[in-house]
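Multiple structures are listed underneath, in structure tokens.
Two complexes come next, and they have one chain in common, chain A, joined by chain B in the first and chain C in the second.
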Partner chain A sequence: MVMDRKFNGKLVITGKIKAVTGLHIGAQREVGEIGGIDNPVIKDPVTGLPYIPGSSLKGRLRSLLEILTNSKLDEWKEKYKGLEGYSPGSCREEGRENCGKFFNKRINNGWIHVCPDYQKAYNCPVCRLFGASGDGSNFPSRLIVRDAFLTEEWKRKWEEGQEITEAKIEVGIDRVTSQANPRTNERVVAGTEFNFEIIYTVEDINHWKDDVKNLLTAMALLEDSYLGGSGSRGYGKVKFFFENIEFRKADYYRTGKEEDIIRIDVKDKSVREILSEFDDLFSGVKSALGAE
Partner chain B sequence: MRLTVLSPLHIGDGSEITSVDIYPGDGMIFVLDTGKLTKDLLNLGIPLEEILTLLKNPPGHSYVFKGYIDSLNLNVKDYTLYTLPLIGEAGRESMRIKNFIKSNGKPYIPGSSIKGAIRTAVFYRVLKECGDTATVMDVLSNVARSANNEQRKNEQRKNIEKLKNSVGWNTHLVEYYLNYINSRLEEEKRFDKKRADDLLEAIVFGMEPDKDRGVRYEPKRDPMRALVVRDSEPIGKKHLAVYHVNIVGADVKIPTWVEALKPKTTVEFELAVDGETLRLNGNHFNGLLWECLKNYGEPSEVFEDFIWKAVDEFYGEVIKAELDEIHKHGPHRTSVSSFYKTLPEGRKLRLGWGSGWIATTLGILLRKEKKWESTRRKLGLGRKPGGRGVSRDFPKTRRVADGMPMGWVKIE
Partner chain C sequence: MKFKAIKLKLKGPLTEIPHADTLFGAMATAVGVLYGKEAIDEFAERFQRGARISSAFPYEGEKLFLPKPLSAEYWLSTLPEEKIKGIPNFKRLKGAKYIPLGEFEKALRLEQFTYGELPFKRVELPKVALDRVTSSSALYFWEEIRFKPNTGIYFLYQGDGETLKGYILPALRYLADTGIGGKGTWGYGLFDIEVEDVEISVPGGEAFVTLSNTLPSEAPLLWRLFRKGGWSPWGRKPKLSFIEEGSIIGNDPGKIETLTVGGKGIYVYGLSFPLPAKLPEGLP
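Moving on to the complex of A and B:
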């Protein structure tokens, strides 16, 4: 396999992401469970408004797909040859990277999955979508996740004086003395909506379908999980509202012509609905791309 | 899941409404739009200086704006932001009302409150069932063995061995812990009473080697992170009322009012056990909880069941303890006793402000220990106001609202 990357167009997914419960994406990387007195959310330095960094959203989607892949490892080995060398679990116990377990790379305090070379990454559902920066050859991500900023509606609400963030005081109680340990977490208030944009580059016409399904699956998993800190204590439930999915053919980038865009009507559909109607919805893309 | 409020439930956000913002009515509190009112008062020719002086030095009572509304014959309804039903009496001279936590103006129950109440129960059950020192010493040995920081491995192991040995002089972890607190209190003047449980929490839930205490709490090694409890749905404001809270048994009477959810309020919330997190981290979790789960089967499979049994057992014990000391509810003992005796079947928790020491700590286990009484005195629990001495009876005070003990909920 040569590192020859083709360009067959892009799928652009746009919509809103709503914080169903208060959302805390910390201004500094943090563990989430231990916080200082003042634990601010990340804000756009220009406007001062909170946003969801694309890297946070992408990182969370990746880690959910990693967990899914780990639990489906045996089932998926046939489809994704790159998984063949892994057994389920983490190299944490052995304390050495690439020990043969699926979670094979150390970061900070945890273990994540990253294929060590291009060949493996190309055949791995996680790495070929999200990228792999191995020691030798990198596999660039096929996915771009843009920073998600407040929707116009919420920007207006903010201009009209509505609070977009809240200081939530949480009181830890000492289990011997019952003395209170208050700490403050800043959160984006429940209900707030952000615009998201996710761009998938079709490099391999035999991969796009699985890649996009895996991306949507990760989005569905995220709705059942959480984004940002303190998720196990109620923060960070999110929901996606799709606006548009369009396929921009490779030609479009030369011609700029409308006819080189295929629009997929996903308005008001949930992630799960899009997944279950995938073949119908994406039939136009399929025929445009020819192969599977 | 559905949560049903059984007795007035207050979860605060740290803020209060004070007398200035209030017009106390009959069975009702009017919360005033003081901006609009001030503007109209100025239009009516009241000098700003006068208003400001009154706000700084209120007369007999602190309801400054009520004074103006009454004397100028204004209609309070024209200046009302919202009203709240009042259960119990308003303060004659003044009152402060602790606000209920809200998001976008609507009350809700934070996932962290529900989870905290579950965690207390799990803490209790682990100590009760697996707190024998032999098991604890095994757990600590495993942590020592896995110390993986090469340069400091030996030092770390030595520290954990030291901790393990001192645990070994006792028969139970709770007994050890009281000795530990005692010796800490003797060594250090500034022992942090807000963090008195830290070492115990580390041993029970999950830990990392630490140079000072042997081990310290590590959230990533805590299986409880697999229990995800979401913030509840928003709750309609009509379910809130202001309750006058009677603090029974206090030496100094400080009248207290809270905004609380009324009994019978129901709200949906999500609770889930993330089985993947439990399975994936099986070898990473290293506290007594994880060890204790092994008695019941594959830890990741028995986790949820263990938690619910813990909740049922712990809050059952809390009810028993409160009934045993029913006299501490003073004039409210009859109504409180009948509240406890007519509680509905099903899973109950005690949440929020006013839950008391028994429901929020490991007190039920701690006070069975011989050392407890002396430790409590050294910790200053039950200290009398004004300095002199510690009360003989602890916990001495009970908070009662509308004849009920606060914060009981049912979940199903």
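Moving on to the complex of A and C:
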């Protein structure tokens, strides 16, 4: 296979992401105040409003798809040739990158999966979607995950003085003496909604269906997992509410004409429903693109 | 003088406010994606023939910011002590990189001007990579520029309507959904487009302030140099010496440099964007 990049349009997925339980995406504390919060959430430095960084959402989706791929390695080897060289597990034990295990790249003391070059990434479900920065050649991400800012409704609530972050006091208790050791965690209150936008670039017309399904699968996995910190203690359950998925054909960028946009009505559909009705919903995109 | 101001209403942060060569490079790449490689040569040719873009500068609502001309900076440094005392926040004025359009017009004429609050902040953010098995964290820091709501960046365009409609706007439509500058995959540099007319009142004069980072073809009059490289789709670009926006030049069109990177030819935009400016005394 030769190295090549094509452009066949973009799928723009928009909607809301709701914090079903308190959400904590951490930031560092600027100045220590007495009685202040130990663990603040990340906020826009200009407006002071909490948001979900695109990097957090994208990183979480990637990690979930990596773990799924690691579990399905044998099953998926037929379909994704790039997985052939990997066996399940982490190179951590060996302490050496690309030892043959799936989690093959070291970032300080963490190990994640990144294909080492363009060819492997092109044939890997994770790297061809999320990108790979290899030693020899990069594979640029086909996915853009934008910062998710508060919806207009929640911005208004904040302007009207409603608290949208809470200081939750948690306590560690000595098992023998029962001495309490309290700490305060800041979190975005349950119910808060953010606007999300995810853009997928259709490069290879034989990949788009699979890539988008993998993306939706990662989103479904995220709904049953958590975003941000302290997830095992109930923080960070999120749910996606879709508004619109539109396919902007390559022609749209040339002409700017509305008729070169195909709109897929996914309002009120859950991730799972979109996945199960995928072929029906995306039939227009399929015929616009010609191949699978 | 009349120009088109092309506003990029930002939907997220930027890693850097793009210079003219970055804008040109991003647009040329987009033109290549949309119309094929030959179209890139035609695009560059149109600039050789007279179309011009400035670097990007911040805006807030209707308020456009422009780089402080070095002529005005030089003029400030020659003012007598008692006059300086009468200027509020003189130090901040001296250090200001951008000033609002109205003040810029005064500065071109070497009249008393002020600065304005900028609509963005440069911040350092913590980011983390997590081990997929053990969740051990690897923390790192990342610098970026965050903008206030209803603000963004814009650049000026001077030239024929055909280049604007046939090349620049399609390229920007593509970039709007792709991102301009670094870290597009985290949603940096996504925007909506708005085109406006803008008029800048300029004095007469033989000297010019350039609003793009320029590769001069003759010696400039007052300048600040910076070295800039960056990446092309085929590898790292060698560093070139540009003069900064706000530098003062004679009648110098600048140039577009052609380089070979990874066996492929690329264009580096270094044309000037000249506006007439009054020269302070003591300069030729």
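The definition used in the following text is that the second predicted complex is superposed on the first by the 279 of 292 C-alpha atoms of A that agree within 3 Å, B and C clash if a C-alpha of one lies under 4 Å from a C-alpha of the other, contacts with A are read in each partner's own complex, and residues count from 1 in each chain.
Heads up, the rule we're going with is that a residue touches a chain if its C-beta (ideal position, glycine included) is under 8 Å from a C-beta of that chain, and two chains touch if they have at least 3 such contacts.
Only a predicted model underlies this, so the values are computations on that prediction, with no experimental measurement involved.
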Discussion item. On the A-aligned overlay, A:Ser141 touches which partner chain: chain B = first, chain C = second, or both, or neither?
Written reply: second
Item to complete: Mind working out whether A:Thr177 is in touch with chain B, chain C, both or neither, as first, second, both or neither?
Response: first
Worksheet item: Regarding the shared-chain residue A:Ile107, is it in contact with chain B (first), chain C (second), both, or neither?
Response: second
Worksheet item: First (chain B), second (chain C), both or neither: which does A:Ser71 touch?
Response: first
Practice prompt. For A:Arg233, decide between first (touching chain B), second (touching chain C), both and neither.
Written response: first
Item to complete: Could you look at A:Ala250 and tell me whether it touches chain B, chain C, both or neither (first, second, both, neither)?
Response: second
Practice prompt. Pick one for A:Gly131: touches chain B only (first), chain C only (second), both, or neither.
Written response: second
Practice prompt. Return first, second, both or neither, reflecting whether A:Gly59 touches chain B, chain C, both chains, or no partner chain.
Written response: second
Fill in: Partner chain(s) touched by A:Phe7 [first = chain B, second = chain C, both, neither]
second
Discussion item. Give me the intersection of chain A's contacts with chain B and its contacts with chain C, in residue numbers.
Written reply: 67, 70, 89-90, 92, 103, 109-110
Worksheet entry | Of all residues in chain A, those that touch chain C in their complex | 7, 10, 12, 26-28, 42, 44-47, 53-55, 58-59, 63, 66-67, 70, 89-90, 92, 103, 107-113, 130-131, 140-141, 143-147, 197, 199, 201, 248, 250, 252-256
Fill in: Of all residues in chain C, those that touch chain A in their complex
11-13, 33-35, 120-121, 123, 125-127, 129-134, 136-140, 146-149, 169-170, 173-174, 177-179, 184-188, 190
Fill in: chain B residues touching chain A - in the complex, by the definition given at the top
12-14, 101, 103-104, 108, 110-112, 114-116, 120, 123, 148, 181, 193-197, 200-201, 219-220, 224-231, 234, 270, 272, 274, 276, 279-280, 283-284, 356-357, 360-363, 366, 379, 381
Fill in: Sites on chain A touched by chain B in the complex
21-22, 31-34, 67, 70-71, 89-90, 92-93, 95, 103, 109-110, 166, 168-170, 172-182, 189-191, 224-226, 230-235, 237
